[in-house]
Amino acid sequence: MSNDFYTLNVNGEDHQVADSWAGESLLWVLRERLGFPGAKNACEEGECGSCSVRIGEEVVCSCLVLAGSAIEQEITTIEGLSAEGELSDVQQAFIDAGAVQCGFCTPGLLVTIDHLLEENESPDDLTVREAISGNLCRCTGYGRILEAVQIAAASRRGGKRE
Amino acid sequence: MSDVKTDTPTSSFRIGDSAPRPDGIPKVKGTFAFSSDLWHEKMLWGGTLRSPHPAARIRKLDVTEALLIDGVHTVLTHEDVPGEAVYGLEHADQPVMAAEVVRYEGEPVAIVAADHPEIVRRALAAIKVEYEEMVPLTDPETAESVDHIHPDGNVFRKINLRHGDQEIQGDVQVEGIYEVGMQDQAFLGPESGLAVPGEDGGVDLYVSTQWLHADRRQVASCLGMREEDVRITLAGVGGAFGAREDLSLHVHLCMLAMRTNRPVKMVYSREESFHGHVHRHPAKMWYRHHADREGNLVRVEARVLLDGGAYASSSGAVIANAACFAAGPYRIPNANIEGIVVRTNNPPCGAMRGFGAVQTCMGHEAQMDKLATALNIDPVEIRLKNALRTGDQLLTGQTITGTAPVAEVIRTCAEHIPSYQESSDLMSLPGGAGRTADPEHISRGEAIAVGFKNLMFSEGFDDFSSAVCHLEGGVATITCACAEVGQGFVTLAQQITREILGVEEVVLAPAATETVGSAGSTSASRQTWMSGGAVQKACEEVRLQLLQRLAEEHKVSVDDLVLVEGQALSLNGDFSINIDEATENPLEARVEYRHAPTFPLDENGQGDAHVSFAFAAHRAVVDVDPELGLVKVVELVTSQDVGRLLNPLQAIGQLEGGAAQGVGLAVMEEVLVAEGNIRNASFTDYLIPTALDMPPVEIAAIIEQPEPGAPFGAKGIGEPPSISSTAAVVAAIREATNLELPRVPVRLTDIVSIEEMS
Amino acid sequence: MPVTVARSLDHALAALEECPEALILAGGTDVMVQVNKGSMSVDQVVAIGRVPELQGWNREGDWLHLGAGVTYSEMMSKEISSMVPALAQASRTVGSPQIRNAGTIGGNLGTSSPAGDTLPTLFALEAVLTIRSAAGIRKLPINQFVVGVKQNALQPGELIEKISVPVLEGPQEFCKIGPRNAMVISVASFTLLTDLKENRVRSCLGTVGPIPIRPTEAENLLSNGVNWEKNEVSSEVLEGFASLCAEAAQPIDDHRGSAAYRRHAIKILSRRAACRIFSEDNT
C-alpha cells in the first residue's frame, strides 16, 4: 500500500486518493474510493464499454486507465452528465424510448452518446452503430437505444420532441 | 435497496400504456444500486479459489500460508460448511465447496475474506492444493455407459414421449443430426453481493438473483440455519437470462460474513463469471420427420441428448421442455421423442432463456425446411398447413385450450414488408470495417422459422407468487419478491395497481424474503402472469376492502362505486371522496396467486403438464461471404403471440432483445470447451452481438388474442423471441450458401469447406 | 512514488534510467487488461501518455513521422488517411471507439502481438523506429524491432519515440477478418501498398505467423506482372500472387481459427485487395 496520495479531478471537483494500491484502475477508484459507482465493471478488460468515462475530450474505458496516471485531467463520469437534479436530453430520451432494461450498460452508453452528439448533430444509423460499437448491451438488442439517440439528436437540433 | 419511487407524473399510465420504468431515472443517472455497487463501512472483500481441473481428486488442501498474510481475515473450506454440504435447484448434488473431488473446471475449493481485493488475490495464490488429475468425462454420448463421476449417477433424467402410433411411416421421410453449441447468458452485471452478519445470529444477504426464496431455502440449509434467519433482499440485477436461477456466491458470502463477523462483499470478474454460473445445454439431436405427399406431418421421431455438465441444476426440467416441444408448433399425430440429459465433467448447464426449446427449435425447423424441399412445397406453406390451433393436441396428449394463433404469427411474419432502408456503405457488408468483401462477393439468403414453448412451471410443480398491497393516504405500496432483472416487472406492477386502485402514486417496496412470500423464479416467461396476477389479486382485495368501508361509512352500494383518478366515485355521481382521505386509515391485503394446476407426465410422456403456450416466428435476411464464411444478419422480422399487450414499449424491448440473443447463438456465441476446460472465458473471445452486428428488428405483428385464465389475458413474452430467431438466421444462411449447416453457431469454417481451403 | 506521470521526454527517460524495469504505460489498452486480471504486478510505472514529444506527427518530405503516442483515432484522421490510407483503415478495425481513443501506435509496437493491427502495414512500409533512452538514441527498422511473438528489441530503460514511414504514392488496402463486426482480434489480415514512383507493390500478412510476413516472392510476381501504365494485371498473375501469399503464411491452429482457414483467408484477401487496386485483364 502506498502512503502517498494523488488528486483526481472528477466532474469538476478535486478528490484526494490516499492509501491506495498502485495497480488500481480509474474505474475501481471512482467506484470504490470516490463514491462514483455509476461507471460499471462488466468486464474490466476493455471489451464492453460499461466503464466508459470522458477524460478531457475523449471517451475511454476507465478500467484501462491506471488511476494514478489520470491526475490533472478533467474526468467526467455519468454522474457529471446532467446538471443538478435535471436529466440531460440523452438521459430523458433513453427513458422515453424504452432504451433502459437492466440498466447496466446505460451509463457507459450515455457517456458515449453524449460525446457523439457533440461531434455530430445528425448521425445516421450506421454512424451511431459504429459510435456505440464498443458498448455491449445484452438486454435490448440496441433497437430502442438507436431510437433514443435519434430522439435526443432531434431535440438538440431544435426539432420537436415526440 | 431503497424504495423505488416514481418521480414522473404518471397518472395516465395504466394497463396497455407504454408506462416509463420507475427505476429509469436512477438508471440513467448512474445512481441505481446494482449488487456490485453495494458498500458497507467496515466491509471486507471476498474471493474464491477454483479448481483449474475439470476432474481431479483433492489430495491436500493447505490454507496456512494464506492465513498468515497481513489483511487476510479468514480462509474457509468445505470443512467449515455449517449445514448441508450440498445444494441444488431440483436436486441437491452440488457441493458448497469441493471436499475430496472436483468435477468441473472452476469448481469452488476455498474462500477468502480480506481487506482489499489485491490481498484476496494474494491469499488465493497462497492456498496450496494438491490435485490428482483424473481423465475427465467430456463426451456426453458415453456418459450413460461409463463409470459414475458422482454418487447420484451420470444420468440426470431420461424422458420418453410416445404419442399415437409408434410404427406409422410417412410417404416422405427426412432425417438429420443437428447440434447446438454451449451458449452463455453473458449478463453484464457480474455475480456480486454483500452479506452482513446480524446481531441476532442471522445474516442479511443483498444479492442479484432470479428467485429469492429458492436461494434462501438452499442458503439456510447449507448454513444450518432457519430460513427466517437468512434474510435475502434483492440488490439491483444487471441482467439474468437464466444464469442467476442457481446459487453462485450466496453461501460463500454468508459463511465469510458470519465467520469474520464483518460485512463481506464479493464481485466476480468476467472470467470467473464464466465459471461461476450455469450455461445453456449443448445439444445433439437426431430427427426423422414423416409426412404425406401433401405435406401433412404424420410422425416425428427424435432423440435429444443434452450435456448437463457436472451438476444437476435444472437439467431435468430442461430436457422435459426439449422433449415436449421437440417437434415445434405443429399438429403431430404420432411421435416418439427420446430425451436424455447427462452428467459430465464439462461446465454445469442449466436455465437459459428458452430452456430446451431453443435447441429443439433449431432441429425441428431445419427438418421442416428439409421436408419442404423434399416435397417441393413452399417453406411457409408447409408450416401453415401443419400449424397448431386451439383444440389441437400436443405431443404430450394435452389439448390446447388457450389461444394458439400460430397461423397468424407465421402469415404476418412472412408477409411483412420491411420499411427500413438498406445502406450501401461497406460497413454494412459482412466483415464491416475489416473491408474483406465487395458487393460481388456476397450471397443473400432469406428464411422463416417458428417456435414455441410453455409459460410458467410444469409437471405438477406448485407454481405460485405472493404479493402485498398496502393502501394508505392515497399511496399504494406493493411488496412482491419478483426479481426485477431488467424485464420491467416493476413497471407492470405500478400499471396494474394504478388500473385497479385508481391512484397515481405507487411505491414498490424492496423485494425481500422477510416481508413477503415467494414470487417464484423470474424465468419461464412467468412473472407477468404469476406476480402480475398476485399484484392484481392483492389490489383487488384492497379495492374491495375500500369499497366495503366506503359502503358502510357512507351508505352507498359497493356495486355503485368506482375508483378512478384518485377518487372514489359513485356511478350516479352523488358521492365522491378523495382516496387520500378515504385511506388515512390504511388497508392491506397479503395474497398468494396460483395458476391452474398442471400434472406430471406419465411413463409415455403424456399428461396435462403445462398451463399455457406462446408462439413466435422470425424471418431473417442474411448476407454471406461464402469464400470467407463471414455473415451479416441484414434484417430480422418477427411476429409474436402475446395474449394482451400490457406495455407496448417494454414488449418491443423483449422482442428485440431476445432476438439479439438468438442472432448471437446463430453466428457467434459459443463457450468453447476442450477436455473440460473453457478456452474463451472472456468477452474478448466469447462474442455477443455489438450494435454493428445486430440488424434492426421489425415487428410484423403483435397478435393479441386474450389468453383465458391469464391475468388481463396477457401471456409472458420473454422467451419466444430467443427461440425461433436462431433457427431463422441459420436457415437463411443455408439459403444463401446451399449448405446443410446442421450446427449452430455457424463458424467461418462451416461455410468455407475443407476442399476450398486446400 | 510508484506512478511517475512524465511531463517531458527527458523526465520519462530519467525515470526509466532510475528504474529500467518500470512498466511503460501509455493508453493502457493491453497492459491494464493484465493488471486488472492480476497477471501483471505493478511496482513502478512510468506513465508517458502526456509526454508532448511523443504526441502528434509531422511530414518531412516523403516521410511521415508519427509520435509513439499517436492514437488509433488520430491515425483515422483525414490527413493521415490521405498519406497512409492502409494505416487509417487498419486503425478503424481496432477494438472500439474507446480503445481507439486511448491505444497508441507505440503501444501496438510495444506489445508486438502477432495480431497487432498496425504491424502489417508498418512492416510493408519498412517503418523505422526511433528509440530513446537516457543513454542516447538509436534507430531500428521494424523488422529488427518485432522479433517474435510478443517479443521486441526494446531494452530496459528504453522507449519508442517515433515511427517513421515513407509516404508512398498510390492506392493502399488493408483487410482484416474477425468473426464479429467490431471489437475483434484479427484471425487473419492483409495489407497491399502500391509505390507508383518505383512501380512496385509491397504487401504483408498479419496474424498468420509469429511476426508479420512480407511475401517477397509474391510481391515480385505482382510488381513485375502489373501493366503499370494501364493499371492492369492478368488473372494468371493475380492467381499466382494469391497463391504465393498463401504459401508464405505460417499460421497456427488456435481457438480463433485453424491454420487451414487462415491460409485460405490470405489467398482470398490478397486477391481481392489486388483486384481493388488493379483492373483484371481477362484476355
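Think of it as A, B and C in the order they're written, each chain with its own count starting at 1.
Note that a residue touches a chain if its C-beta (ideal position, glycine included) is under 8 Å from a C-beta of that chain, and two chains touch if they have at least 3 such contacts.
Quick caveat: nothing in here was measured; it's all calculated off a predicted structure.
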Requested in this report: Using the touch rule from the top, work out which pair, A-C or A-B, shares more C-beta pairs.
Outcome: A-B
Query raised in the report: Taking each chain's centre as the mean of its CA atoms, which one is farthest from the centre of chain C?
Result: B
**Report entry** Geometric centre distance via CA averages, chain C-chain B, whole Å
**Finding:** 43
Requested in this report: Can you check how far apart chain A and chain B are, centre to centre, with Cα atoms defining each centre and the answer in Å?
Outcome: 28
**Report entry** chain C: positions in contact with at least two other chains
**Finding:** 36-37, 181-183
Report summary line: Shared-interface residues of chain B (touching two or more other chains) are 118, 269, 427, 433, 684, 689-692
Report summary line: Touching two or more other chains in chain A are residues 21, 23, 44-45, 47, 130, 133-135
Query - Residue ranges of chain C touching chain A (in the complex, touch as defined) - result: 1-3, 5, 25, 27-29, 32-33, 35-37, 41-43, 45, 47, 49, 73, 95-99, 101-102, 181-183
Report task. Could you pull out which chain A residues touch chain B in their complex? Result -> 1, 21, 23, 31-32, 36-45, 47-48, 50, 77-79, 82, 87, 91-92, 94-98, 100-107, 110, 125-126, 128-130, 132-146
Query raised in the report: In the complex of these two chains, what residues of chain C are touching chain B?
Result: 36-38, 89, 92-93, 173-185, 187, 189, 255-258, 260-261, 263-265, 268-269, 272, 276
Query raised in the report: Once bound in the complex, which stretches of chain A touch chain C?
Result: 2, 4, 6, 21-23, 25, 44-47, 49, 52, 58-61, 63-66, 68-69, 71-72, 112, 130-131, 133-135
**Report entry** Touch list for chain B against partner chain A, complex
**Finding:** 18, 20-21, 23-25, 27-34, 36-37, 39, 116, 118, 185-190, 236-239, 241, 267, 269-270, 423, 425, 427-428, 433, 485-488, 649-650, 652-653, 656-661, 682-684, 688-692, 694, 696-697
